[in-house]
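The data blocks that follow each hold one structure.
Next come two complexes, and both contain subunit A; in the first it sits with subunit B, in the second with subunit C.
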Partner chain A sequence: MTLQSKVGVFAGAALLRLVLSTAFPSLPDLLTGRVEISTPVTSFKRLQEGLFLYNHNVWPYDGGVFHQAPLLLPLFSLLPDVKTWPIFTSLLYILVDLLSAYALLVIADSGEAGQSKHFTSPRRAKRSSGLLVAAAFLFNPYTIAASIGRSTSVFTNCAILFAIAKALSGSPFNAMVAISFASYLSMYPLLLLPPLVLLAYDRQSEKRRIDSAIQFSIRAILIAAACISLLLAMSFALTGNSWDFLARTYGIQLTLSDLTPTVGLWWYFFIEIFDSFRAFFLAVFWLHLVIYVGGLSIRLRTQPLAVLTILLGIFAVFKPYPSISDTSLFLAMLALFRHLYPIMRYTYVASATMLYATFLGPAFYHLWIYAGSGNANFFYAITLVWSLGQSLFVSDLTFAVLRDEWEVERPEMVGKEIRQI
Partner chain B sequence: MPRLLSTALSLRRDPRLLKIPPYVSAFCIAIGVVWLLLLPLDDYSRRTYVSENALLPGQVHTYFGGSEQSIFRGFRHEVDLLASKNNYEVNDKLESILTGFGVKVGRQNYTYHSAGEIYSGENVYGILQAPRGDATEAIVLVAAWKSIDEQLNRNGVALVLTLARYFKRWSLWSKDIILLLPPDSTTGTQAWVDAYHDAHDSKHIAPLPLKSGALQGALAIDYPFEHRYHELHIIYDGTNGQLPNLDLINSIVNIAGGQMGIETTVQQMAGHTDSYQDRLQTMLRGMLYQGLGYPTGPHSSFIPYHVDAITLQPTGEGWHDEMAMGRVVEGSFRSLNNLLEHLHQSFFFYLLMQKNRFVSIGTYLPSAMLLAANFTIMAIFLWVKSGQPMAKKGTADKPKDGRNLLSPLALVATCHSISAIPLFIFNHLGIKTLPLAFLLFSVSSTVLPAAFSFLIASLHKPTSQFFQLTKSFSLLILGVSLATLSTLNFSLAFLVGLLASPLTFIQPTKNLVTKAFLAILLILTSPPVIISSAAWTSGVAMSEVLKAASLGWNVWGMYTPIIVWCVWWPAWLIGMTNTLSPISKI
Partner chain C sequence: MRSLLSFLLLAVPSALVSATEYHEQLNLRPLPLSALLASFNFRANTSIADFEAQNFRLFPRSLGQILQYAGTRELHLRFTLGRWDAESWGTRPWDGTKEGGTGVELWAWLDAETDQEADEKWLTLTNALSGLFCASLNFIDGTRTIRPVVSFQPEGDHPNTTLDNTRLLHGVLPHEVVCTENLTPFLKMLPCKGKAGIASLLDGHKLFDASFQSMAIDVRPICPSEGECVLQLEQTVDMVLDVDRSKRPHDNPIPRPPPSHDLICDTTKPYHKPDDSCFPVDHLRGQDWTLSQIFGRTMKGTCPLTDPEVPPVCVHIPSTRDIFSAQGAHEIKYPNNDSLRCYHIEQDKEFTLILTKPEAPVDGEVAPLGIVKPETPVLYAERSFTGHGQEHGGMQAILTNPGDDTVEFVYMESLPWFMRVYLHTLSARISASSPNTNTSAEIVKQIYYRPALDRARGTQLELLVSIPPHCTVFLTYDFEKSILRYTEYPPDANRGFDVAAAVITTLEPKAMNIRTTSLLLYLPTPDFSMPYNVIIFTSTTIALAFGGLYNILVRRMVGANEAPPAAIKDKVLGFIEKLKKKKRTVAAVAAGGSAKPATGKTEAK
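Our next item is the complex of A and B:
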């Protein structure tokens, strides 16, 4: 992989986004309005609302529309007005996408997917080059749509990828800072902390090594806690010395009080549920999301990167406000496990399912909202199919990781048919 | 259960299993077609019924008649006098007439460009404000100056003017009544409806000076002749195959048939005997119009905005006069006036077999879905097959771990991206060059696959896996697109699916006779050949077809060209390339 081809891929991706958003000036606004891209907690339109209030010295959460982290406001108020100079906003998002791709490049080139500290895959010889992984991320239509739709989850994705990349390159401190940023922006990346700490522990640099796992974890968690506290304190100062922003940002995610449709599974369920059961099911849904972290981290202790990937896939399906941006992150991470593709079984069916959902989703949303000839069930049915496709990928990847591990223990079973009993 | 599962799993490796999918595909197509043919039977179609209780069709006494007839004759005389005048002079006169009743009048200029021609005109419309309403809802009465067949809509316009004067004197309206008099039946209403919803292109279409509330329904009158008529022809197809709520059609059928004793008919099926053949013919005509997606009358433009609309067209020789027509309109407006909310109770997806017999989406959708499924089944089958080593050949040279995806994907992507060329050409060229462009395109479309297969053969020694994968991807895209389309425009999805069905069964072969047969079959079912033969059988000049398609795209946003050029044609291109390619010896 030469520097030239790297520059070529990055420049090509940047140019493609720039051309798309300048040649079709109505495209960014169109994509921003799509429920598949913009969720209540990542929508650029809602950010604009918050920004307007913020710039007019009104508490940004007063409108009841804006639910994103307060520190995004000073960042975006630095940019020129998006209506008159959309190019600067586009450039910011392009930059963030390129940074994410760079982080992916680092992750892929580390070879962690095939060979971690405690586990060496017999298939590791066949790996995809970092450039290919970065290109798969940059030219993935979902990534492009999320970037042009200016969803703020792009920043979270970038922070998560940087956290992983930094953990791999032996700088736990930077990794913790990055994951703190991601958690501050979207909250759910906090759940990635355990596997990330394990990953960072495995990949410590020799110079500043801490042998005790417990000591290392405590330090890492303290760093993350300190960093998050600092960010929250800044937000506190920014929103008029009040903690009310917590309820309006993370509170919304915890209680799902905004029932705008998304591609996820929560909104329809909580529209239908009787109020007396709401609290119970909220707890159940969140518990379900959290429960994978411990189990996967313990079972796949030897491959923390696989744990992170599987968790990202699970979050893209089961978190309160998922969007295609989360899917694009999972798919980008999936590309790292090239050596496992031969033992994955449902890639084609899963891709076909997601392709079907990608086409049918907008059609059914149109029938429901615009044509008036369908109803909410149409769109919800297709989000179920979408989630099915993704969970097929997640379970298939889990299967492949486990099978790969198992074949090291039982070399005589290589290539044999197995079945679950 | 575990034992059953393990048997199923061991069956998975059975080579016999791989022989089944092509038959399943063929079976899907056969069932899909037979299913459609079964629909006209009594067991599969239902009688229509009015679902919306508020409509109460035919429950009011209608008073239009008597001295109104003299007024009607007067207005018809006025219209006759205007016959040779230009659009603006006509509108000046119409405006003065409408203002005379105390109706507020607005005018709107518009210009459309399509196929190098300019379609421009001026709409005139009046808003009759509801004595009992608050201008939040409105019903539209349309009479285009030129009827659908480009004749002077003498009785239609005169009737609307008479009705306007008559309605103005009633105090029972709770919704505003908008009287729209566009200069033609095609572009005028579209410009007006777009501007009413502020969705117009402000460079070419003027905004409306005067507006009322949300449109609840629209009725257009297409009545160009003098003589007495026998029945009312209800035209209901909207742009892109969208349909108005079935309750609107039911109400009109009910009012005309039950109250006035006027026969009604759909899809130009005069003298419908309610036999199987007649029902099937009605349904197929409906599907053809729906599939073309081309607007069928002034009402068509309303339907994309979720405004239920139909055109009433008197036909045949009989004893009903214009007053009876007026009473039908009065009765329908009284029903619409009763509505408490937008029409939503009844069906939006249906196929009519007869004025009072229909099938709903749940019953007919499986036939299109089966056609789409046949492509997906074949795609999955080919994917599985491409991953398996050749059975008879030695194991030494079996392709190393599966599939080379890059080149098949590149071919499929190329074919799909060049499909932008015909889409652009046919929607942007002028009428003079269109027929020539079509001819050139047809020729190059036939030559292109040969060039492709030659290129592929010389570039990288294609294996049969390459063809399996290209076909798999292409059929997957086709299946997905058609399945999506069938929820939006069932008929178009069904027609394209049926015409593309040979693509499921083609493959590269060494046998020259089979190859020639497949190639001829594919050429016969290629989009350009189908389009020109359809034009030839219906007796329309090719240039007219191309002009209409371009007009549909540029004015109404008709998406049929996208389906033909960007979904069907690339799939055909890949199929033809596969057929012509020499199969290599592995």
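Our next item is the complex of A and C:
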């Protein structure tokens, strides 16, 4: 893997995005309007509305449209107006994508997927090169669509990948700062904190080593808490000394008051749920999301990177406002585990299901919203299929990770049929 | 312009009169194409001292007590149906100030030091008025209430000290269907209760059959320069009747073409041939009617309480037309306005008016219009939705200034919260054909915007716009149609949701009001029939994902050959084995006939 090929891949990806958004000037707006890409908490159109209000002295958090983190507002105010100079916004998104790919490159090259501190996979020899992983991320149609559709979840994805990359390269402080940014932007990455702390603990550099795990995690959590508090305090000052933004940005993810369709499972469920059970099921859905963190971190203690990957997959299915951008992050992480592909059982079924949903989803949405010949159940059914396909991927990866682990104890069972009891 | 003067002429004296008085007047104005505007105006004054002492005479006690209880300084209530066709009917009656958007519109100045207090009083007021007028005014909640900043100014005379402590609240119910149950309480508030005077002409069947009708109630304090302040209650009914439809007999209500020998043809048309093709012109020749034909009943004298100085009935029609009135009525003509005729009526006699058909013009001569030509309005306004589908949409308001002066106005919209407005897409474009090519910044001078909050309040948008002469401006913006909880949809969800009319208040060259039509917004709908199914399907998906992952995580892996046989498989195999054994035994019995009953044991197991 030469520097030349790296540059080639990165430049190719940047050029592809640039060409797509300049050759088809209406493409960015078209993709921004798609429910699969833009959710109420990541939509670029809503960000523009918030920006417009912010620049015209109306508090964007005194309204029901803008639900994104306050610090995005000054960031995007720095850019020239997107209507007259769309190129600068495209360049920013391309840059963020390239940074994410770079972080993936670092993660892949660290070899953590096949060999962590406490676990060495017998199959680690067959690992995928960093460039391949980065290319798989950069040329994934989901990533490209999210990037051209200017969904703000790409910032979250970038922050998450950087947090993992920094944790792997032995700088826990930077990892905590990065995960704080991700949590500040979208809240759910906060749940990645336990496996990330474990990962950072395992990969500490020898110079500044803290032996006690408890001490280390307390320190890491304190850093993250301080960083998040700082970001929130800045937002507080920015929004005219008011905490309103908390209810508008994080509150809406907790209460799902905006029921705009997404590719996830929440929206239709909470349209149709009986009002008296709304609060109960909100709690159940959130509990369901949180419950995986502890279980996976304990069961797969030796492989924190696998835990992070599985969790990202679970979040892409079960979080309140998922989009294909979250799926693209999961698929990018999945590419790290190439050595496990041979023992995954349902890759064909799962990927076929996801492809099926990818093509049929927009068609059914069109039938419901525009043609009027279908109803909401059409799109809902497709979101069910999409979620099932993706969760099949997640559980299959979990199975492969566990089997790989088991084969260390039972090397004679490689390639044999097994059963779980 | 002259006709407008006459309206003002009649309106002015009443402002200068004594503390307690009442008068009523009906203005009839034929409009082009067999339309007839009938404007009923009832005005009652009471001195503030009497009002505060609860000494009601001409002012209705029911309304007075509500106003006192809710601390209302000034009140405006509108019930409107139909659309004023400004293209053919011209300027609106009363310059649009006594007109509301389709449905019910209410705005009031309430005594309140804080916004919260104002909200409480507003709740009291809307609920009390809801009972009084049999309208769903109690549905004007926080999501339908706004606090206009520049659009509305108090009409009455308020001392500055009280005005500082009042709050203006404005609510609309575009979905409300105005009907006879709203007219009955309206008539009950009149001193003569619709039994005598011009109110005896108001019949629900005719009023709500009109092409356009607007009922207005205005309460405002008036302080003349000398003398004590009075509280004025003004009730107005404006209706545009279709004369042809009104004249159609009850037993034969279906419109039919007249027989060919009764047709009056336009002989100047090139295709005109006697007994073959005809361009009918009789509707262009002016209307003819009697008062009882168009209102369905005759007028029963005058109200004894009314001010005898004010003539109760006036007709705006060119002096060339002939009108016959009932005996005892006294016609007044005004030297400065020859197209206005008014009638004084004896108290107890029935009154009727007959407008005769104008004489047929001599062949080849152009027929005179036979009506006072309507005045061109200062501004034309139209509003519509653009786009398709139930996800994104756009609003477009087309505002045309036909005059020679620059028109400056405030454009106000009160939108429901489920219409998510993207204000950054707001643009004002001057039509390409216009001589001026101003940019949008010069057209929209000021924006006052209060964004909607989900389920708490609606959007309030006020724009200060200025349009150069002979220009058309297109105001557009995008919005998103949000999807609601299934319990938030009305039973007729696929009909759509009503969006209230935009209110336009012109500031230059003269103050007047225009309201656009209300709009129907289609929202995406879920399937209402399957909440249980959705709950079950989604829960199943989650259970599948969770269950699968849980199984993988907690179970132990063993080789396929090391695993203890599964319980179910064991049972099934055992059952098959048993069947085979039984078969064998039966076969053996059949063959040998002396099988031991050992099989009984296995069966017992």
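Quick note on the criterion: the second predicted complex is superposed on the first by the 420 of 421 C-alpha atoms of A that agree within 3 Å, B and C clash if a C-alpha of one lies under 4 Å from a C-alpha of the other, contacts with A are read in each partner's own complex, and residues count from 1 in each chain.
The rule we apply is simple: contacts are C-beta pairs under 8 Å (C-beta built on N, C-alpha and C of every residue); 3 or more make two chains touch, one makes a residue touch a chain.
These figures come from a predicted structure and were not determined experimentally.
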Quick check for you: in the superposed arrangement, does A:G63 touch first (subunit B), second (subunit C), both or neither? second
Name the contact category of A:E417: first (subunit B only), second (subunit C only), both, or neither. both
Comparing subunit C with subunit B, which touches more residues belonging to subunit A? C
Touching partner for A:Y370 - first (subunit B), second (subunit C), both, neither: both
Scan A:K207 for contacts with subunit B and subunit C and give back first, second, both or neither. neither
Please indicate which partner A:L259 is in contact with in the superposed arrangement: first for subunit B, second for subunit C, both, or neither. second
Can A:Y356 be said to touch subunit B (first), subunit C (second), both, or neither? first
In the overlaid three-chain picture, which partner chain does A:I271 touch, first (subunit B) or second (subunit C), both, or neither? second
Check subunit A for residues that touch subunit B in one structure and subunit C in the other, and list them. 370, 417, 419, 421
Where on subunit C does subunit A make contact in their complex? 388-392, 417, 420-424, 447, 449-455, 480, 482-487, 524-527, 530-531, 534-535, 537-538, 541-542, 544-546, 548-549, 551-553, 555-560, 563-564
Subunit A contacts subunit C in the complex at 33, 35, 45, 48-49, 51-53, 56, 58, 60, 62-65, 257-261, 265, 267-275, 288, 292, 295-296, 299, 314, 317-318, 368-370, 375-377, 380, 384, 387-388, 391-392, 394-395, 398-399, 402-403, 406, 410, 413, 416-421
In the complex formed with subunit A, which residues of subunit B make contact? 2, 5-6, 9, 13, 242, 306, 342, 344, 348-349, 376, 379-380, 383-384, 401-402, 476-477, 480-481, 483-484, 487-488
Residue ranges of subunit A in contact with subunit B within the complex: 342, 348-349, 352, 355-356, 359-360, 363-364, 366-367, 370-374, 417, 419, 421
